[in-house]
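Both of the next two complexes hold chain A, though its partner changes from chain B to chain C.
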Partner chain A sequence: MSEMILSDMEEIKINTDVLVVGGGYTGLKAAKGISDSGYSVVLIESDTIIGGEKNPLSFIGIDVTAQDELKRLVDDVAADDAVNVLMNTRLVSAAGVPGDFTIRLATSDGDLEKKIGAIVVATNFSNKPLSGAYGLSLSDSVLTLSQLEYLLSGSDRDRLSNKTIAFMVGFAQEGDALVMERILSNVLAVESIGGCTTYVFAGNLKVASDGLERAYLESRDKGATYFKLKTMPTISPDGESISFIDPVLRKKMELSPDVIVIEEEILADEMNPLLAAILRIDVGPGGFLQTDNIHRFPVQSNREGIFVIGGTRDVQNIPTALMDVENAVLEINHLLKDGKIVVPKNKAVLDIGKCTFCITCYRLCPHGAIYWDNTNKPVISPVACQGCGICASDCPMDAIQIGNYSDAEIMDKIKSNGSAAPDDLRIVAFCCQNSAYEAGLMADAFQMETPANLQVIKVPCAGKVDLDYIMKAFVEGADGVLVMACHPGNCKSEKGNTYAEWRVVDAHRMLEETGLEKERLGFVTLASNMGIGFSSAVVDLENRLKALGTSPFNK
Partner chain B sequence: MIVAERKPFEEIKALVKDFNRVLTVGCGTCVAVCLAGGEKEVGILNTELTIARKVDGNPIELGGVTVERQCDMEFLDELDGMIDQYDALISLACGAGIQFLAERFPDKPVLPGVNTTFIGANRDVGWYEEKCRACGNCCLGLTGGICPVTMCAKSLFNGPCGGTNHESCEISPDQPCAWHMIYERLSKQNRLDSIIEIFPPNDWLNTTPRTIVQPAYKERKAAR
Partner chain C sequence: MSTENNKIMVIGGGIAGLTAAWELSRLGASVELVEKTCFLGGHAIGFCCKATDECVQCGACSVEDMLKKVVGEPGITVHLATEVDKIGKNGIFSVKLKKSSPTVNMPVDGVIKGYSKNNDPLYVVVDKDKAAQIPEGAVDLSELGTTGELEVDAVILASGFQPFNAEIKKTYGYNQFKNVITGMDLERIKRQYGDVIRPSDKKQPETIAFILCVGSRDERLGNLWCSQVCCPYALRMANDIKFKNEEADISVFYMDIQNFGKNFPDFYEKCQSSMNFIRTIPVDIFPVEDDKLKMRYFNEEDGQSVENVFDLVVLAVGITPDPDNKNLAKLLEIGLNVDGFLGGIDPLNRTRTANEGVFIAGTVEGPKSIAGSMAQAGQAAAEVMKYLEVNK
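Up next is the complex of A and B:
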């Protein structure tokens, strides 16, 4: 079977303006990069200034190079005619699809509607002080990491000279490499001030990131003392004394620092849930706007044309965030080209006559590829559609057909019985092309055991497996049916495997009602390299079927 | 929209037990939108019946067709010529559609495949909530857009009753008190004075079969 038929392509015109949400470091950098590629940019920032001067150190910390770069960026963006900066502005709605979004912005001068082609989301982290978890209140001698950074970057940094400074990290949270990176860069900065003595109390040292091991050793070489404790040391409520058992000397120790610096938790931007709802993109762990899914390459969201960069999608340090910016610029160039792009015509085709406009497809499309226009019928964007077929399998009127996987084509395959001997038990396996289908090819190539009359039907996603296909397969003489999907969290269309599993549960209920043994139907998740898993799943079903005997339709 | 749900399979199976050739007729409007009686559900019901009757050793021959709306006679015309091959019809339309289908083909047994449940709204895919009891005398203008006939267990036009329990109804802590919700909504809109207004008793005699002729078409009806 050929893949998408390339002759069925058409050229369409798209809008090439880009919206960048967030005027922080990554947002500015992205706006400049996209503008340098020749596209017009609308940059919106909810604050009254760009570059985040109000909270200058939340992301770039005390990295002087980054601070200088940020200042330069603010000037560059201001001087760039192709970047329209709107401050005091929020995104209110975003309808449509890549190449043709209609966004509404709430500005200080009222609402504004704009047409744009792509969206880059560049929100910032927020830092949550963890002093409460240490039983401390913030004061002149109890500082958060951000407060220390502010002090170190300012003119009164000498206030810290000849002081004893104790850092607390890894007791109030699991933490991550970025928290550690911030701690280490601050320890190094403090040590460069004359006469400072530095202690670091650490529950754990997360150094699994570029250069952190080196920074840790360097800080020790320069005189920092580390205490790796299993439990939080006892700190007096005024922060003036720290007592703990030194695990090396096995002695009770007491320390009276001049300043205690408390770790911070790095959290996703508070605006993220609202932005995700407006943009119809998935929210991942911790409120960051990218899910843990191997198919989400850097900066990709579940929707084509909407890119998530830097602190929007994950806890990241500056080099990674800058890599995100470059990736986003590449993606934008790749998507928007010169405003004319070639798209397949038959990825998903809607029969307007059959459509009853129930908007089930709109609600289920995991890629946000379906919208409706003023003709009051759904439109499936050929740019955004990934051809997974989730919409088609839930359409109550069977009004959507997927190129190469139409209902008629799949029914033909369900009906064809190959060249197997009549006595062999017939198994129909619906296999996702991203996992089980490949695993099946592997099982074949390595001559692993498979049933004699196994019919593999390739589907673009397990979410394409219609309840009707499963049930019809039994009517057409399948003794057993398997629905084979990607592992949880691995679905390219995010929820196709989940929908497939729910459908199998529903089909089990139906089979029970009809009196046909529900054990004839199975659901399995596989990865593409699991040839053995494929083989054992189909052989297991064959063994179950041997005990059940042939289906009534084959008698 | 009218919301229906598929009848339990056992019940449909029992309804068609004496028939060997059955046509299942779907409806492409409300019941398709609420995922109970469109083309997909016609196919699935037929497949289920085919399997069940095969397992029972009493095979059935089934046809399936979905018309635009069973509550408009004109759309039923397309079934002419198809009906003769069948002993009975299953309709997956709402009660109105089933009755029109039965009226249009009075010689054939027409059997319901769904239970027509309520007038409701669609919260998410496959999730519907009752919103209207078709009482024939809408009071939503006074009640902040929340229907007490539907949402209040006693269908009180002038509430709440003594059973309002903080935010819930006395029948269950999970059932919000309609009049509490109405109070909250009106309060936010600064329209609490409309809760004082007494809504007159409804004419419950209107529960006899009602006919509505829109004003612009009264002459047309009279001329028929």
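Up next is the complex of A and C:
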């Protein structure tokens, strides 16, 4: 809200302690980074040990650098007085808002309540063996990738010498670059053992990560043979023979490996759904705790003050997860500062006298910014509120007003028509400030065609567009109205565009009841860089209106 | 962590540089943003939105968003058409800036235009004599560029990449045949016209070929890396073409399809059911009647040579190191890696370099998506903080 003047601001004192959930590599690194920037950290881990030491190969694989780094990190965290490590501990509940969360932890010594300012979620992946999908059972000669990694890091790795080893990847799942990275590093490790013959059966080689193409070529130079097939090769149930059509020679081939290594699927932590429910954050594809929305990348959740990093939010390798860590440390610094933050007083103001405690606002707020205080009344946190106005437009009592977008101000804009071309067909376009409004400015800057009597009304989110605004625009003589929102999946407030579309559907029905053509009202989704899209949307509506003529309300 | 009273130089005004500058200024630092071309935003500001009836997370709009934030931030000083001439380090960095000679594709009317309304200036006059009319607010190229000296506490290098020059793949006829275009060209076409059209007649193409890995994963060229962005942009674009024109016949020539987005298997399945995926590298392309293109390739199933005619061929060119990388490596005393990108010294944290106080971010370090470049820029900003904390 750049237009806010300073006298409308207030300073709030906030708690600067940070909760980190998960004591794996990224959780530890985040805890250390946050503590290094001067905040106290509570690190909780459901296991009895931190650093994933119980199963050191669970996600680090056989990367020695990363293993060493992790060991150092465990020591650093243990030596850091500002990091309070609680093992055997789970998060039970989290109430409140950023800067003032009250969390309850279940520890081995009973429950514990704490006040904290921000939360970082750093849960781990799990690996699921896909041997079943290949029709195989695990045995001494049928291994999962994790089992091979374990073998390779142990003393009896020479058990593999002079063996023929076949890897399977990309047939039981589409796979990803992290699975491929693990396969390639294992192929290279196997090749460093004497006398091994290596075959890799692959669907798509997922090499879209740093150094993987080189690793692939290196392993080939060292003797690995790759067969890229479109379908899974036929493997005998005991795993002793593999038959397939060689795509280069176009000949049926048969191989008898000593060991078959089967890919694994990387899955989100099974704790994620519960954590999401406790923290009221959205669950994305595959059970990862971040929706596929570019406004969340890299580490934001839908709630201010709750950050999701590494394997919590996506399948990632270690360097990428460490980028997340640093981004979370940055965000924590931006949010908590020195324990005092300045926020606008009127971001969203609730008139408690009008409120009927219907909880609509609480249910609809996509940012979890509304909570119930001790007196059982709703409170909108100025820290957590993003000012989208979804609550305001759906409040049945109109009890909420948003900063510079109060109902009165928007109604005034609808009424005023200072157009230079009052005789032309009048179009009112409600434009989301994040997309369509910007696209409109771009259309202007690049002198793209727009109707002469177009009135753009900026809204903080299309979800702010009240049914009343649309109807009022027609009452005030608009010949046509457009509601212009972000594309589905691109709304900063996740569902503001969806709510806006529903309201347009409602408005269409009401227009028909009043005898007005519903073609006068349109709903369009745009991106901020679509100047040309803005231009064609408004021109299209103008052309439709030309066919319909002036609105009967427009005397 | 605070950087008040600190000054940091960011080299490069693309998405990584913009993000680094923004993150640093949010922490209270003042930032000197040095960009050698006439506009901020880098390559990515020219990219188009690839949404169908839903967002496909290409990230192009986040570049627009970041550019807007940076130009509105008083703590960031922008030096357009400027490059670093010399840099010395004695605790702090002493920098000498000079005017760059930006390579400008000479426009017909002597004026070049930025890609975004947030480009300031939006118009740069390159040749006054050729300009029929000088747009309002236009700045003469000679007025751009900073010469002078600066002292900064740290440096973030985010100078970006160079798209692969498709002319090198001679048999594809880029810049010879009108309707053979690169992915970069396609971005610009869609941004300008709002739709995918054929350059020759501005009509909607019905049969379209995408050739992936042009200039990437190419042993003959010695480009032994996956560019990581071409599968994403090519398939997102193809998906959008198909959405707007159900009849469009799209063929994708590929080696391996790479993942992108959080829901890739579903997206890929949708593409596979509506497009032809052919696992081969096409041999060559010839023009035929009506500016169509005949492509020869070996059939996957039987290895026989086949020919197919397309209205439009899109070469999905990849990311290659900027030719300036060598100079920058020398200037900043940091290493180049085997591929010609600037090499970090820490495999786990690629923003760190051999020169303490100099950090790298974005595609100067290796191929990256928009989101990946932004994430790494955030990491670099955090590393600058730590460095300044230790070296107070």
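Just so it is clear, the second predicted complex is superposed on the first by the 546 of 555 C-alpha atoms of A that agree within 3 Å, B and C clash if a C-alpha of one lies under 4 Å from a C-alpha of the other, contacts with A are read in each partner's own complex, and residues count from 1 in each chain.
Convention: contacts are C-beta pairs under 8 Å (C-beta built on N, C-alpha and C of every residue); 3 or more make two chains touch, one makes a residue touch a chain.
What you see is a predicted model, and the numbers here were worked out from it, not measured in a lab.
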| item | value |
| --- | --- |
| First (chain B), second (chain C), both or neither touched by A:Ser37 | second |
| Touched partner set for A:Met323, first chain B, second chain C, both or neither | second |
| Partner with the higher number of touched chain A residues, chain C or chain B | C |
| Touching partner for A:Pro285 - first (chain B), second (chain C), both, neither | second |
| Chain B versus chain C as contact partner of A:Ile12, first or second or both or neither | neither |
| Contacts of A:Glu213 with chain B and chain C, given as first, second, both or neither | second |
| Residue numbers on chain C that touch chain A, as the complex places them | 1-2, 23, 26-27, 47-49, 51, 53-57, 59-65, 68, 72, 113, 116-117, 122, 191-194, 217, 219, 224-226, 228, 231, 255-265, 268, 279, 300, 302-303, 338, 347-350, 366-367, 371-372, 374-376, 378-379, 381-383, 385-386, 389 |
| Touching residues (chain side chain B, partner chain A) in the complex | 9-10, 28-29, 32-35, 38-41, 43-44, 47-48, 50-52, 54-57, 66, 122, 124-125 |
| Touching residues on chain A, where the partner in the complex is chain C | 2, 33, 36-38, 65-66, 69, 173-177, 204-214, 217, 228, 230, 247, 250, 284-286, 288, 290, 292-295, 297-298, 314, 318-320, 322-324, 326-327, 329-330, 333-334, 434-435, 438, 441-442, 444-446, 486-490, 525, 527-533, 536 |
| Touching residues (chain side chain A, partner chain B) in the complex | 354, 356-358, 360, 363-364, 394-398, 466-468, 471-472, 474-475, 510-511, 513-516, 552-553 |
